[in-house]
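Got a structure here, written out as structure tokens. Questions coming.
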Amino acid sequence: MTFFAKHYHPPGTTPGSLQAHPQRVRQACSLRLVRYDEPTLDVSEHAEFIAPADDGRLTWLHVQGVASGETLARIGDHFGLHPLALEDIHNAGQRPKVEEYDGLLFLILSLPRIQDDTITVDQVSFFLAPGYVLSFCDGPVNPFDPVLKRLQQRAGKLRSRGPDYLLYALLDTVIDQGFPVLESFGLELEDVEEAVVGNAHRATLARIHRVKRELILLRRMLWPQREVLNALTHQEREQIADGTRVFLRDCYDHTIQIMDLLETYRDMSVSLLDIYLSSVSNRLNEIMRVLTMIATVFIPLTFIVGVYGMNFDANNTSPWAMPELYWYYGYPLVWLLMIAIAVGMLVFFRRRRWL
Amino acid sequence: MTFFAKHYHPPGTTPGSLQAHPQRVRQACSLRLVRYDEPTLDVSEHAEFIAPADDGRLTWLHVQGVASGETLARIGDHFGLHPLALEDIHNAGQRPKVEEYDGLLFLILSLPRIQDDTITVDQVSFFLAPGYVLSFCDGPVNPFDPVLKRLQQRAGKLRSRGPDYLLYALLDTVIDQGFPVLESFGLELEDVEEAVVGNAHRATLARIHRVKRELILLRRMLWPQREVLNALTHQEREQIADGTRVFLRDCYDHTIQIMDLLETYRDMSVSLLDIYLSSVSNRLNEIMRVLTMIATVFIPLTFIVGVYGMNFDANNTSPWAMPELYWYYGYPLVWLLMIAIAVGMLVFFRRRRWL
Amino acid sequence: MTFFAKHYHPPGTTPGSLQAHPQRVRQACSLRLVRYDEPTLDVSEHAEFIAPADDGRLTWLHVQGVASGETLARIGDHFGLHPLALEDIHNAGQRPKVEEYDGLLFLILSLPRIQDDTITVDQVSFFLAPGYVLSFCDGPVNPFDPVLKRLQQRAGKLRSRGPDYLLYALLDTVIDQGFPVLESFGLELEDVEEAVVGNAHRATLARIHRVKRELILLRRMLWPQREVLNALTHQEREQIADGTRVFLRDCYDHTIQIMDLLETYRDMSVSLLDIYLSSVSNRLNEIMRVLTMIATVFIPLTFIVGVYGMNFDANNTSPWAMPELYWYYGYPLVWLLMIAIAVGMLVFFRRRRWL
Amino acid sequence: MTFFAKHYHPPGTTPGSLQAHPQRVRQACSLRLVRYDEPTLDVSEHAEFIAPADDGRLTWLHVQGVASGETLARIGDHFGLHPLALEDIHNAGQRPKVEEYDGLLFLILSLPRIQDDTITVDQVSFFLAPGYVLSFCDGPVNPFDPVLKRLQQRAGKLRSRGPDYLLYALLDTVIDQGFPVLESFGLELEDVEEAVVGNAHRATLARIHRVKRELILLRRMLWPQREVLNALTHQEREQIADGTRVFLRDCYDHTIQIMDLLETYRDMSVSLLDIYLSSVSNRLNEIMRVLTMIATVFIPLTFIVGVYGMNFDANNTSPWAMPELYWYYGYPLVWLLMIAIAVGMLVFFRRRRWL
Amino acid sequence: MTFFAKHYHPPGTTPGSLQAHPQRVRQACSLRLVRYDEPTLDVSEHAEFIAPADDGRLTWLHVQGVASGETLARIGDHFGLHPLALEDIHNAGQRPKVEEYDGLLFLILSLPRIQDDTITVDQVSFFLAPGYVLSFCDGPVNPFDPVLKRLQQRAGKLRSRGPDYLLYALLDTVIDQGFPVLESFGLELEDVEEAVVGNAHRATLARIHRVKRELILLRRMLWPQREVLNALTHQEREQIADGTRVFLRDCYDHTIQIMDLLETYRDMSVSLLDIYLSSVSNRLNEIMRVLTMIATVFIPLTFIVGVYGMNFDANNTSPWAMPELYWYYGYPLVWLLMIAIAVGMLVFFRRRRWL
């Protein structure tokens, strides 16, 4: 994830513009139209969308991938979507939000995804109106296949309920994607914790940084989802039936759980960095202390052997010229002296609890 | 406690599913049915629950341990519980919350427990409806035995009051479990404090980390209980009589006291880490300072003895070749010089308050 | 002050229990009954309390020290106090709060006290009802002697006003005890500041820690008093006349001033720890830098004298074997070389601003 | 950007004064008057402004650069502007705000601008009244040229809508200038991140500081814009039509996105400083550890060679006088001993994972 | 500024007492009475105040310096001021607040002042009632001279407006005194910043601490002014006309700007401390690294010269006894070996980027 992930038009551009972003990678974009009621279900996968026939069936159009400005404009014309909403879909990297344009509910959410050990966030957008739901996902993988399967298998009450319940099923799928992502984060943090408490390596620092960085960025993308679900749950809206509201409340609860986890992980990653730093410094301290003591024990000894390496005796003319050298037990006495000094220092260090 | 302690179904699963979690340890699950009014009390411990007879007595069903999906579904069918509530009981590790489904009050709380010096949090859930209270606890120990005893001993007003007062008694028991846990935390922190201020060991760091970690995780589990009790106390609810509300207020007060303690402990653990780090670094500094000074005193002395170990005198052809070696008092003078230098340095260090 | 200072009954105990706390030091408990109106005032100090005669005079019962469960129960029966309130008085260490039980106002406050240079917090509780005020203080010293004196000396309007004004006078006395405590804190902090900026000792760290610790604990005990006074001042209550409210507002203002001071002190103590750490590390750095430079200057010199201590000249068979030793000015030249190196290094260090 | 960027009159000056600020650089100030309706558009660039003729056309007066007190007073007189508003335009460096003076809406916003790699913030002010919009920008570059171009090219609905929509177009242009600025910040932060994780230099510290500093200052200037747009969007105002409100909501959304980015960047810059410090200290530790070990290995060896440099053998009169020197294999044995010690120490260090 | 700057009476004192504070420096206190209407203005400087004649003119009484308890009591009696308000004026060091006593508006504000490079805060208090304004300032300098001058010079609308506008003029003067103080802070911070980024000295630490300390204390005194102005502006009050409210809003805006600046400065001072610490540690690291490398290069060389200082050759009886000494090119070879080792180490250090 980059720090600035938003697409935008140059300041001063007419609102609702759908100019191409040259730096954006062009991805194939596919449309899938699902139309169903209790007894029947039709799925058509095709590049061109078909106008919803006035047969009273619910229409779900899903656009997967980065739609070109023209495609968006065409869909917008057909369903009467507001240009600002289309621009928000086009300029991916928006903050999750809920808006209402002329009776149409417009939603933007963030879909976190783990791909090859890195976390990416796709933008998912929804329109809800009587009789239809539009969904857009600009990632490479369609997150809504399980919902389609449930529709086809008639699992739960999806087939018998209105578009608001379909929207809930889609929202729920998007938000619950947070759990596997956060679970993998939790495991990574526990891994890092073990590494930190056990034996801290240099690489651990980079890991902690990576986790902190991803948490900060993920938090920016997921935090507003709580507000979105809150607004959806607690404000009266004609598009959403009371029976669906209780399910949305469950969904809202999940966004809070995700925020709680993100906060906990952040606290934890800060704590781990502290422990890492203390651990590294403790380890260095231990090494330096032992090494310095070895040096300190030898320094007076080296001085003593230096003393008796002096050449004052070379010309033996004075009784003051290093008489020790002429003592019978001079050499062993020096060794005794040195051993005494070394032992004395070690005892002193041990007493002071330095060793 | 692990960082990610929540059970969840794969995103896109039908809401209200009760699929088994393969990684979850299967525990024996026992049901206890208590039915009472002022004069009579029946307790039946059995695996199968009995339908509450319409004899006007209050029914309390308690499920201890991890109930299988089938058991939950059966209980749910019998009492008409909402599938989302059952899923929350099944997917343990939920955030404490209060919900209302069709006139039934549904509560999730966290029950902290000290087991073998580590802290675990069990999930406790309640349903409250006219005439009955259901309680679920997924831990190995039944926390509600004291309440049953009070019922049997007719202590207090428990027998003569309605299900809301029974619920209060259960809630109170769950929340008050926080006090012994926090008391043990307080003692541990005071222990750590003594260790830190006295003489900091490496192991102290791991202890501080363990305390911080457990506080962070405990906080995540206990913090929302305040909101739950607040919602229960301050919102008008038909299931809760006014006479019970004053008791719930006391309960709410306890959740605030627990949060206060958790906040204080967190501040304290941060402060202790600071003190630990300063203490360790102070100690190292003292050691290094003393050792470095020993070395620094000997370094010029070693240089001097080195000077008079040079062999310029070997061939005594020049009056400039180390004439000191030929002085009568050369050797004692060198000793005097060296003692003077050492004393001078020590005085200098002492003056500068380095020693 | 200990980290966990609350007394509590085991979880699951009947609410309103007054069981003895074995670990609590039994203190003598004394009751003082004051009954007065404008013209008359009776004070009776005795262990047993007398029922307030129906003579229209205001009754003030003050209980000093730790009252036994029986005493509390007797007082409770006499005045019709709620068992939960009695339990809160019995289980000292409660959070300050205001409660209303059946028209009786119940208040808990914290009374900070400096005793032998350490800070203790006593629990003070009040009941206010038409015609009487009950006060409880579980410390060894009666803080309300000045109020009694004012009553006896007819100072201010105390004698002519109702029980709400008496309650205000008592609250004001409790809250204003915060000022001398915080003043002594302020002086201690300024003392520490001087110590830190001047010359940091190891003992300063322990002082800073003690201040931070006491601030954290004091904050926990005093912070909720603000809410209590706020609730008392800004909510309509029948027990409190409008004329008294303006005085309570002054009292509330004092709790805010105390919180402001506590916050400022906390910021300050954090800042002082930072400065202390920087100061200590600056000082160590200076020492190490100077010592390391002394060593660094001597190291090449010691190498040089080592060179001319080698014995290649012992058998003078080769012109390549240390010819320097045979030069006429060899020895003085080596001295010159060494002085040049030492001076060169010092100049280099000075140039780089290392010295 | 300087820390204190506000212009102000001396305290006690009459409110609404327009005294010159001597320290302010005098810049040329130009006025541009645009008058248009659906079919016609007139632009007049001139130093003197013309009174808006009563022809029902919309008047937009834009003042670019630092207007003198006289110019401001003249414009104020003509349009009936409040002296406090004029003073706020004159005393640049104000906090963004929205005010209403006698039915006129007055707005101050901050316009961030990148110029030669440094960020500057210009003050932009607006007046909105029925029939006219006044705009002031005290920077050197006119940010509203794209809006004029859109007017001239009849792009979007600008020509057919009222002054509130023109105001929206201007506001949108000002706020969207935040995106390129934040994008460049994001790139700089990613650059710094790479530098920090790779190989930290001294210069990196200055870069991190510069980023943090600019973020703090930018945050102060941009944070209040959120409130301004919020007040504009969510309060009922007669000057703003409902159809424009949906566009202002989009604008408000952008201010939130900008605040989110600023917060994320701040968290990130804090994290980067932590990583930088750890990285630098890790690197130093590694160096010191290796160097200290080299020294530690040689210290005992140097002691040993010192031993056999002593002169006890010079007069070979005692069998105790360094007999090792007379052993046949004495010299190679010493070498073996020294190699054994060195290898032993290296093995010991490696075992302890110090190396 | 001291940490605890509040004057207070001993706890339990009768409210409204005006006892002298022995530690308070007695300052001369002067009263100035100004009475004016549109055409006339009288100023009388005297120690005794004159009762305002009932001639419909506006009365402004200003008390400069520390008024004695008697003076305050006399003024209080004359104007019917509440004893609690008088006590707040007497016990200087109060928190800014707004109170209403029987239709009189009472205000306390903080007046920051730079005197000899240190910042002091004076307490300023106001009473507003129909027909008169009382102001008290306990500092040595009268801050309201510019307002008197404006009255005398008939500048602005001061003469023609009511007492609420006079109060606004006084408030505005007090609050705007914050700007020069904060400007000088800003300059000091920029100075410190330059010092920190350039070359950090020990004295810089003390400067950063001084700035942080003063910011913390100033913040405590100025923060509540925002609330005061907010309450004054946004609550309906009979004493304040609607026409004055727009001016008070401007005043309120200034308090927000001051808080913004204080917050920014605080963030900045924290950031500067971080940079200072990193800078100092960077510098030390550089020194230590270079010095340690010098030592490390010489340590093996010193060992080698030690080897050839051994005396195994003294009695040349074994071919194993240091044969190197007898090689023809022994001495130069040793030099070559040592140079090779030194160069090798330097190359190694450079390769690892340690140098």
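Letters A, B, C, D and E mark the chains in the order given here, with residues in each chain numbered from 1 onward.
By our rule, a contact is a pair of C-beta atoms (placed from the backbone, for glycine too) under 8 Å apart; a residue touches a chain by one contact, two chains touch by 3 or more.
Since this is a predicted model, take the numbers as computed values, not measurements.
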{"item": "Euclidean distance of C-alpha centroids - subunit D vs subunit E, Å", "value": "24"}
{"item": "Length of the line joining the C-alpha centres of subunit B and subunit E, rounded to whole Å", "value": "40"}
{"item": "Where subunit E touches two or more other chains, by residue", "value": "281, 288, 292, 295, 299, 302, 306, 309-311, 314, 322"}
{"item": "Pairwise touch network: line, ring, star, complete, or other", "value": "ring"}
{"item": "Ring topology as an ordered chain list, initiated at subunit C and continued via subunit E", "value": "C, E, D, A, B"}
{"item": "Residue ranges of subunit C in contact with subunit B within the complex", "value": "2-4, 6, 8-16, 82, 84, 94-95, 97, 99, 101, 199, 202, 205-206, 209, 212-213, 216-217, 219-220, 224, 273, 276-277, 280-281, 284, 287-288, 291-292, 294-295, 298-299, 301-302, 305-306, 308-311, 313-314, 316, 322, 325-332, 334"}
{"item": "Subunit A - residues contacting subunit B, complex", "value": "143-147, 150, 155-156, 158, 169, 172-174, 176-177, 179-180, 182-183, 185-187, 189-190, 193, 197, 246-247, 249-250, 253, 256-257, 260-261, 263-265, 267-268, 271, 274-275, 278-279, 281-282, 285-286, 288-289, 292-293, 295-296, 299-300, 302-303, 306-307, 309-312, 314-315, 317-318, 320-322, 352-354"}
